[in-house]
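What follows is a set of structures to go through.
What follows is a pair of complexes built around chain A, which joins chain B in one and chain C in the other.
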Partner chain A sequence: MSGLRLQNGVTVFDGGGQIGPVSLDIPDGQMMALLGPSGSGKTTTLRMIAGLAPLQSGQLYFGAREVTALSGQARNVGMVFQNYGLFPHMTAEENITFGLRMKGQPKSEQREHLAWILEMTRLGGLEKRFPKELSGGQKQRVALARTLITEPDVLLLDEPLSSLDANLREDMALFIKDLQREFNITTIFVTHDQEEAMMLADQVTVMADGAVLQQGLPPEIFDRPLSAKVAEFMGAANIFTGRIQGINLQTPFGNFEALNTEGAEAGKGTLWMVRPEHIRLFREGDKGPGAVIKSARYHGGFIQYEIEAHGFVLKTRQNSDVSFQQGEHVSFQIAPQHFWSFPEQDH
Partner chain B sequence: MSNRLTALQKVLLSFLLLAFIGPFLPLALASVSFRWGWPDLLPSIWWWEKREAARLPLAWDYVLDPVSRLLPALQNTVLIAALVTVIALVLSIPAARILARQKFRGKNAAELYFALPLIVPEIATGIGMFLIFLQFGVQGSLFTVVLAHLVPILPYMIRMLTSVYQELDGGMLDQADLLGASKMQRFRYVELPLILPGILAASLFSVLISTNVFLLTFYMGQGQVETLATLLFAKVSSGGALDPVAAAFTLIITLPGIFFLGLTARSLKDDVFAGGLDKG
Partner chain C sequence: MGGTGKSLKIVAGLAPAAFAMGILFIGALGLSILQSFGYAPAYGVSEFPTFRFYERVITEEGFLLSLGLTFYYAIVPTVIGAIFSLLLALALMKGFKGKGAFLFLYKIPMVVPYLVGVSLVILLFSNGGLIARLFYHLGMIGSPSDFIRLLGTSSGYGIFLVYLWKQVPFMTVMLYAHLLVLDHRQRESAYLLGAGPLQRFFHVTLPGLAPALFSATLIVFAFNFGGFEVPFILGAGYPNTLTVEAWRLFDDPDYTNRPAAMALTTLILVLSSLCLALLIGFYRSWQRKWGQL
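Then we have the complex of A and B:
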């Protein structure tokens, strides 16, 4: 087992585009989510680490071992493809033992390993089935077992949950997380779903247009995004231009007291954000600036309201115990610490 | 979805079946006839009515008699078809692999180039090859016939296998690499089983073309290499219409194809395919 360090990795893909330079740093045994919209270069970065896309420049280390010039095979890396890539002409068992058979491991050891991995991945009883006779979740587990049985140093998962039904996703996410902890294997998984990334990952790297925007712990990425781009990708943040004037923050929807002014320069308009769950609504009209409810959408545990204040529309999220009607006049509050000024202002 | 056919579908299916079987019926009848002249719907004299009286073997008696040289012709046909198919596969698989999976300059030109033999008439190819072989003094052998058969077969073979390779999921091969398979193991345990249905289909085409090629066989074989096709051609061109022997030969010439079709159909069945191949 070992950590992973990619320094300024650059690769090119078929259409002539370039990905990178990408730098990643994952401590031993941790799980990192590579998060980004489709076309952001996440999968290509994964392929670069797997040795399937050649590194044009940069260095790749697994622990202290430099693997830049090695083939994927020699790097000792395991990858599970988005469509699982199971061999259709082999049973689950033959698929799982493929790597051992190719290495010419003695049959008795193969059987031992197989029994152990079948238990770990809860696949007992399905050994003799062909891939077409397995459900999506079972295929995923066979693909994981097939890779983990070869004991790779680094595990790469390409969109591990995207082909599963919504009700299976959470189960599979927890299953993968448990498995990853039990093996204590350094893991990178690619996803376009920020909730998936938050749920599974120890660390999150946000990518867009072939470059890394931010790497950090999930709460950091969520609460203190470096740029508006990251904030937009992390969910429905309200982004606006604000101006510090004395102790006040002037915004299109009123004047507020604000903290977190690091990115801002006094008197100059800069980009800020406030998250929907940090805006509190009141039925009474005198608790803060006034606004009108534009729309209400019920989401189960909470209600999402769009409110309009001074012609500016804000997204808010409220507990469902108090409900407001469309067109109702309300007042709202935002605590000073919930304003966030982006350290990187390019938008 | 219902598994029952509607009345219209049944009628259409019957027509289709008739269209496929249709040509075989008069052949089968003619092969057991002695006289079948216009405008009779059925032969006026059957083979077995004259069988005892005739001094020479008739119809199927002739065909199955050593004098017809059927057996050596059948042997040659099968041997040539098998050799041609194996050589064509050995040449086409690497070519198709590259054409389907790599991008390189002049790829379109290469694809067109491989299709050229289909555009040149067989007779031109045949005469040209004959003249060349004549200079080297190697005309009239089984080997030259095999070489000649490759000309119309290779374009089809390369084309079919290229599309087979295009369908193949490249991720599967990457996966085999990452799991530690060597290049040979990857080919043997992953690539080959996955393209096997395509190889069988291409082989079937190759066998069918090879058994039916007359002109090239005739030129290259110099009358020394007899196949079912040359035997049939001799019968058809010398006798009247629907000579019983020619009809019988025509039926026999379809046998290698039908035999191979039956063979491949069995292997292509899903369960055989899935279960029977990789026991390595």
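Then we have the complex of A and C:
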């Protein structure tokens, strides 16, 4: 069953311009990442779902319930903003119980809910602190607790990890994922970080220029992007024009065998991609086509190389246990299943 | 340049302004306090130190009435002005036709002197004024002099009109500027958490506006408390504010009354400072409660 369905949602800005039509479909209890560069319309889509940006046309459903014509409040949606939107003059406890107080819930019930959510969000002992006395991660948890305590049907997170230090991000990502599973709540989060999207999401939607480019499971988006635009955003790096004849693929850097030929017309030049991590380098010169190491950059657990073959520069990513020097002659291999021809050829 | 050299340069740079300030402000203040305690040889009074002049002004008939009137003229327009300004600033946050022109026009009174405001109020609201004549021509009153008396009475309606005309734009500018930079996501969070418009205003917007509202209110209150020319022209004559009474004593042909005028001025200063200290203390305790200190 669908947890959230947006059909051809369009919103128009006061100063002109529009976002959409955007269509999303998220299975109940799943987490979707809205991924895209700045200005692609991710946050506006979130605001459209929250009822903070008017839905000019299209339909919005939470489960089987159509909420298109309802106000943001009536939709029962929870949203955590990028900078958390905490009330600075209220303690963590007052922030968390804000929604319950506004709805006039009796104090005894508020206390019960508070104790439960403090435990769920591991905020015990911090309830009397003001936002300025909390770390970024703690503020994030207060914002989540404040939203989840009201038991929304849909949870919207706007760049939930962008304000956190790098060392906190992974912990917080896992915390959010666990919490989302625990509550079994349909969730959409906005991010411009593809690693964050892969790590957290059950489904990924890639957006650009106010439109959806592709929606699917993380491996689909990563390995089988519909277009070069999606591939570039997912960090594919090696995009080239190739000609397929049977299973033989002619590329600017040599001839190879290729399996994924659905998008390619025989004999015609079409756009292909190969991911950097799918190119294997060998010190021996006889394992495949030859190339020269143009540059090497150490990235912690791996080394990123630029290699030149037949005048074409390819990016590769290798484990850091074997390293190559700049100017070194190497050979390389690409397995046939790792060549991907884009079904949508416009670039 | 070392730390000491840098400090010396700053002190040297500030010296001319500090000197002028010292002479004009602190010097004048010190002199008036000395005169209030009986040191005024130029006026033939050399009784320093004495409390006689303080005793005289405090025990004078009408002092309490003047004191009450001073507070009344300071508090009422400040509170009304703050409420108006708050409503106006909130209204300006909404889009409406002609907003650009209104944003320019509403600020004009800020650059017009108070005395122009006084003249406008006399022209419009006096018993022979334009509104009285209009009412007369509309047959609503028998003669322009039958128009309700707004000026020259202890009710202070005329004074309030001038103060509001001049001060509402000032307070609105401060509040509107603050509203523009308040984090709208807090209001949106409150909305999605189920808060209605009034709940959002009292729980989110008003606490966020408190620093600007407090500053604006404090400045306006301090001005109204020590304001002289408006109550002098539009007030009842008797009783009148402490500032007008101080002027009356200062302007008396008998110069030996000047130390009494200075005693009254010093009292105004002390009362005004006490009020401001109380307000600041109240605001600080609120800030502590809100975790802002």
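Note that the second predicted complex is superposed on the first by the 340 of 347 C-alpha atoms of A that agree within 3 Å, B and C clash if a C-alpha of one lies under 4 Å from a C-alpha of the other, contacts with A are read in each partner's own complex, and residues count from 1 in each chain.
Here is the rule we go by: a contact is a pair of C-beta atoms (placed from the backbone, for glycine too) under 8 Å apart; a residue touches a chain by one contact, two chains touch by 3 or more.
Given the structure is predicted, the values throughout are model-derived calculations rather than measurements.
For the composite obtained by superposing both complexes on chain A, the positions of chain B and chain C are in clash. Of the two partner chains, both chain B and chain C are touched by A:89.
In the superposition on chain A, A:102 makes contact with both chain B and chain C. With both structures placed on the common chain, the touch criterion links A:72 to chain B and to chain C. Applying the stated contact rule after C-alpha superposition, one finds that A:150 touches each of chain B and chain C.
Shared-chain residue A:81: touches chain B and chain C both. In the superposition on chain A, A:50 makes contact with both chain B and chain C. Note: residues 14, 50-52, 72-73, 77-79, 81, 83, 85, 87-90, 98-99, 102-103, 130, 132, 146-147, 150 of chain A belong to the chain B contact set and to the chain C contact set alike, using the contact criterion stated above. Partner chain B is touched in their complex by these residues of chain A: 14, 50-52, 71-73, 77-79, 81, 83, 85, 87-90, 94, 98-99, 101-103, 130, 132, 146-147, 150. The part of chain A that touches chain C in the complex is made up of residues 14, 50-52, 72-73, 77-79, 81-83, 85-91, 98-99, 102-103, 130-133, 146-147, 150.
Against chain A, the residues of chain C that register as touching in their complex are 95, 183, 185-186, 188-196, 199, 203-204, 207-208, 290-292.
The part of chain B that touches chain A in the complex is made up of residues 103, 169, 171-172, 174-182, 185, 189-190, 193-194, 273-274, 277-278, 280.
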